[in-house]
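For reference, the structures are reproduced in the following blocks.
Look for chain A in each of the two complexes below; its partner is chain B in the first and chain C in the second.
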Partner chain A sequence: MSVGLISGSENTAHFTLDPRTKLALVATVCTIMISGRVGGIMTVIHPILALVPFVLLLFSRRVKAAVCYMIAYAAAYSMISFVMPATSGIISILIGATAGIIYRMMPSLITGYFVVNTTKVSEFNAAMEHMHVSTKITIPMSVMFRFFPTIKEESSAIKDAMHMRGISSLRNPMEMLEYRLVPLLMSVVKIGEELSISALTRGLSGDIKRTNICKIGFHFPDLVCFLLCIVCWICFVLHMGGIV
Partner chain B sequence: MIQIENVTFTYNNSEEKGNLKNINLSINQGEVVLLCGESGCGKTTLTRLINGLIPWYYEGELTGSVKVADKEIREQPLHTLSQQIGSVFQNPRSQFFNVDTTSEIAFSCENQGLPETEIQRRIRQTVSLFHIGNLMDRNIFHLSGGEKQKIACASVSAGEPEIYVLDEPSSNLDVTAIDDLRDIISCWKAAGKTVIVAEHRLYYLMELADRIIHMRHGEICHEWTSEAFLKMSQAEVEKFGLRPASLKQICGIHRFGAHSSGSYKVRHLAFAYKGEKQSLNIPNLSLPHSAAAAVIGKNGAGKSTLLRCLCGLEKKCSGEVETDNKTYPLRKWAKKCYLVMQDVNHQLFTESVLDEVVLGTDSTDMEKAENILNQLDLLPFKERHPMSLSGGQKQRVAIAGAIFSGKDILLFDEPTSGLDFRHMEQVAGLMQQLKRQGKTLLIVTHDPEFILKTCDNIIHIDNGSLTEQYSLDRAGIAKLLDFFELR
Partner chain C sequence: MNQQSSKLQAKDLITVGIFTAIYFVIFLACAMLGFIPIFLLAMTFYGPVITGIPFMLYLTKAKKFGMVTITAVICGILMFVFGMGYFTMITALICGLAADFILKAGDYSSKKNTTLAYAVYSVWFIGNYIPLYLTRESYFASLVSGYGQEYVDTLRAYTPGWMFLVLLAACFIGGLIGAALGKAVLKKHFVRAGIV
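What follows is the complex of A and B.
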């Protein structure tokens, strides 16, 4: 079982990747999918990269998410390939814009979702340590991850309280934003302070070298992922140079 | 082990309460010391002196000397102190750094830079000592308050400090979780550790405490052994502004309420959270008019869910309510209900107390609003920003809003968690006042003393269904005390 950075959903799969592999995958998928180069070898590379988040989700037994993603992606793809050429004018532009955004962004977003959902905070810290990133950067970052679920919890409590007080979000949007944000900030600041006190009394400081009990390391799936990344990057660079 | 000599401390931020005057205290190795006293008496400040948060986190003027194991606290940095002194705090939600439990227990060991095999050994040892094998590798956000507090204790314990300092650790816990906390403290005591607990709830520590220290206005004014303390009568204990030492003392405090006419009959209440088959199923429930009913049950029994369903926050809940021979669908009836939540900081939105009271209603009857504020002793604060008030005042502002909304049924989620005797009395008085005004109250609480002071009815919930509903007559009181295992 592992617990993710942000949403923290519990995952029962035995399939794990090293956090560094995950970062490499995110970097590859994001850069190549969003860069917007088309034609040539890219017609092959794009669908392969689009399959990456699908496969990752399947292996980590998030079948529902994987299927939803695949359907959305296939729809966007067929919109661009079949529907758009048959239309013209404003409709064509509209379809092109929406489907294009899904087609380009979805794979990166879903890969990102996979990473934050399956990486523990301490795994992340361990990976950063192996990459010689300073604790001055990793500690604030891990606290930041810790805060996403807190904000979600606090925010939903505030929403309920607003409902109780009969403040609906329609009447005056600016005021609503204030009502939502001010109590949220107050409580998040308070939790942040209590959290730092608790961490300090348990000896967190920048001076001592921390141990990390998290075991991370490269295995066969990591090798496959890295090979895929390297191949994609080679094709991408060659394509930029106009060779393939 | 701990020597505090002639300590006087004033916080730099003058608004902060709890300054200390002329404290002299010496605590031996292996002692369990209980600090008690009203909110703001300085007991929390005293714990901060011992764990080094003063002067390393909270700034102020400190004279005198605080020594732990013959070393001056202010000459050692916090991370060195943390190896000898472990701290557990009040709020279980804000004490964990990681998202998963196992990493959290390893946290203090990792910070000490211990070798990995040693950390693994300590985790195994702590897990078996606290019987928390079932909590390993879980997401802390999915745990209950009591489970979170157990993990917080385990995390501190894995660091193997000699001294444990606990600041109101039971505030957010129910009866079973408090029992577990007692077991944890007795483990530490058995291992010869020194434990200092600042607390409002005293009863659970009576068997463990070697000394009980009472503080008032920043000074130590009494010291008892637990035998001497238990010999005092309820009246004497109350005179010191303290919660009862033994819950047996509280049996005599119930005030019998007047019999009310009619009731709300809630029928066929059913609700399921996403992914669950059935979270709440109550075929029949009766809420007498102008009376208070306490909702009791274990953590996760569905008490809060019941409140959320009744006040319409869970829209998928089905049911109906009959009153005065008329039947309303639950959704319509829910408009008469108002929920005052446990964390008041979530429910204050505006820039002044008066605005806060009238918020969300179309009525701008300022006179009525000021009247309500007056009843709740809040009139002098009507121009103040609600966030600048004390916890108890904030809670009263939230209640003022509830009264002004004109709703007939007021629901409260844990209105007395973390309150000292005087503030608990104040809230109890307020509840009596609301009943006299004809409001019907439904209160989720883990506080038997508060129930006896305010409630007329008990609704016992277990596993999402109604175990029993009874009125608080002599037989009812016996049943209630049985539930809290007080006999």
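What follows is the complex of A and C.
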């Protein structure tokens, strides 16, 4: 988690995709994987799309994440194909619920993780500007990505502090809610105010159009990704029409 | 920079981002319990109750038209990425806009209107359940490939047609209770600490 949208620091990976290509990949993987259509050409498309995040992570040198993902996906897949038919009742429901979520959601979530993890905030903004997306959406979005790790950090610190006071079980949910949520909100709101002032100091609210030094553009890897997306979409639409 | 302007400034947009992030994280933490089929439905009730706390705090900062709508739209987009289908984007947009109009009618300060607006806003979550009813057979068929027949059968048993109205009401009532809870917490902690 050292580079990317989340930290906003320099991206040192040699393999880079245009943010717009990444969006196309996310849209493709999310729609087609989650639609849950089976049979026909989909038996080929599904594994290919499941491999997409794996390959992307490998190329951007996040080997550990890539391998973890592949193991989890393979485990969920084999649970569903081999273990589930042999079980029944509550065990089958539990396997279905856990393995099913991994099997259906993991590819999209990991693609999303890849995008968030490898895109700089300014790259994201540059791409959005090229696509003429309003700042009304892009500013809140980039603030959100900046904030997720902050919330996580603050939350774990508060968890530790409350653990020392003996407030750590779910036995008293109201107490949990009050002692965990309220301090979290307090600190996050304060951090947010500081962030807001810092952004305004750097001219975020100016009337003049902001410039951006990020060079984004389409190269050979982008072409490959787009071709893959187009092929998948064609197959998907044909499958919906019942042709293949 | 004109602070009094009714148009959204960069500062407001940053506020939207911060509170949407908090709201969504807490929301997701609640949704994690949805592994168990019955919680998937109960979520419509306890989700709005718990997220009432951050949302009420948000409404004390949201004083311009469009902020709640943007939050709703972003939640809808994120739900789509999380695989809940595209219906949520539509319901989120409608509920967000409606909540914004209610807030505007109360001049962004009326207590009654903020309660009502949050309850209306909470209904956006119903979009996740629309595929369960609108495209019922194909939806269940698509679930079988991942979740298994038993899980799907349990889900089907819990969701007869009239359940949709119950879920809708649960969202709304959950929203009302959440707003009351949020206001109580706000009064007990945030007003005293000078955050609001």
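Heads up, the rule we're going with is that the second predicted complex is superposed on the first by the 214 of 244 C-alpha atoms of A that agree within 3 Å, B and C clash if a C-alpha of one lies under 4 Å from a C-alpha of the other, contacts with A are read in each partner's own complex, and residues count from 1 in each chain.
Note that in this section a contact is a pair of C-beta atoms (placed from the backbone, for glycine too) under 8 Å apart; a residue touches a chain by one contact, two chains touch by 3 or more.
Not measured: the values here are computed from a predicted model.
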{"item": "Which superposed partner A:T135 touches (first chain B, second chain C, both, neither)", "value": "second"}
{"item": "Partner chain in contact with A:M186 - chain B first, chain C second, else both or neither", "value": "both"}
{"item": "Which of chain B and chain C A:I101 touches, first, second, both or neither", "value": "second"}
{"item": "First, second, both or neither for A:E153, with chain B first and chain C second", "value": "first"}
{"item": "Partner chain(s) touched by A:L195 [first = chain B, second = chain C, both, neither]", "value": "both"}
{"item": "Touched partner set for A:S205, first chain B, second chain C, both or neither", "value": "both"}
{"item": "Shared contact residues on chain A - chain B and chain C", "value": "142-143, 146, 178, 182, 186, 190, 195, 199-200, 204-205"}
{"item": "Partner chain A, residues of chain B touching it in the complex", "value": "51-53, 56-57, 77-79, 82-83, 85-87, 89, 91, 93-100, 103, 106-116, 119-120, 123, 137-139, 141-142, 152, 155-156, 159, 308, 311-313, 338-339, 341, 343, 345-349, 359-361, 387, 401, 405"}
{"item": "Parts of chain A lying in touch with chain C, wherever the complex brings them together", "value": "26, 30, 33-38, 80, 84, 88-89, 92-93, 95-101, 103-105, 108-109, 112, 135-137, 139-144, 146-148, 151, 177-178, 181-182, 184-186, 188-190, 192, 195-196, 199-200, 204-205"}
{"item": "Interface residues, chain A side, partner chain B - complex", "value": "1-5, 8-10, 120-122, 142-143, 145-146, 149-150, 153-154, 157-158, 160-167, 178-179, 182-183, 186-187, 190-191, 194-195, 197-205, 207-214"}
{"item": "Contacting residues of chain C [partner chain A, same complex]", "value": "1, 8-11, 13-18, 20-22, 24-26, 35-37, 50, 53-54, 57, 66, 70-71, 73-74, 80-83, 85, 141-143, 145-152, 154, 185, 189-190, 193, 195"}
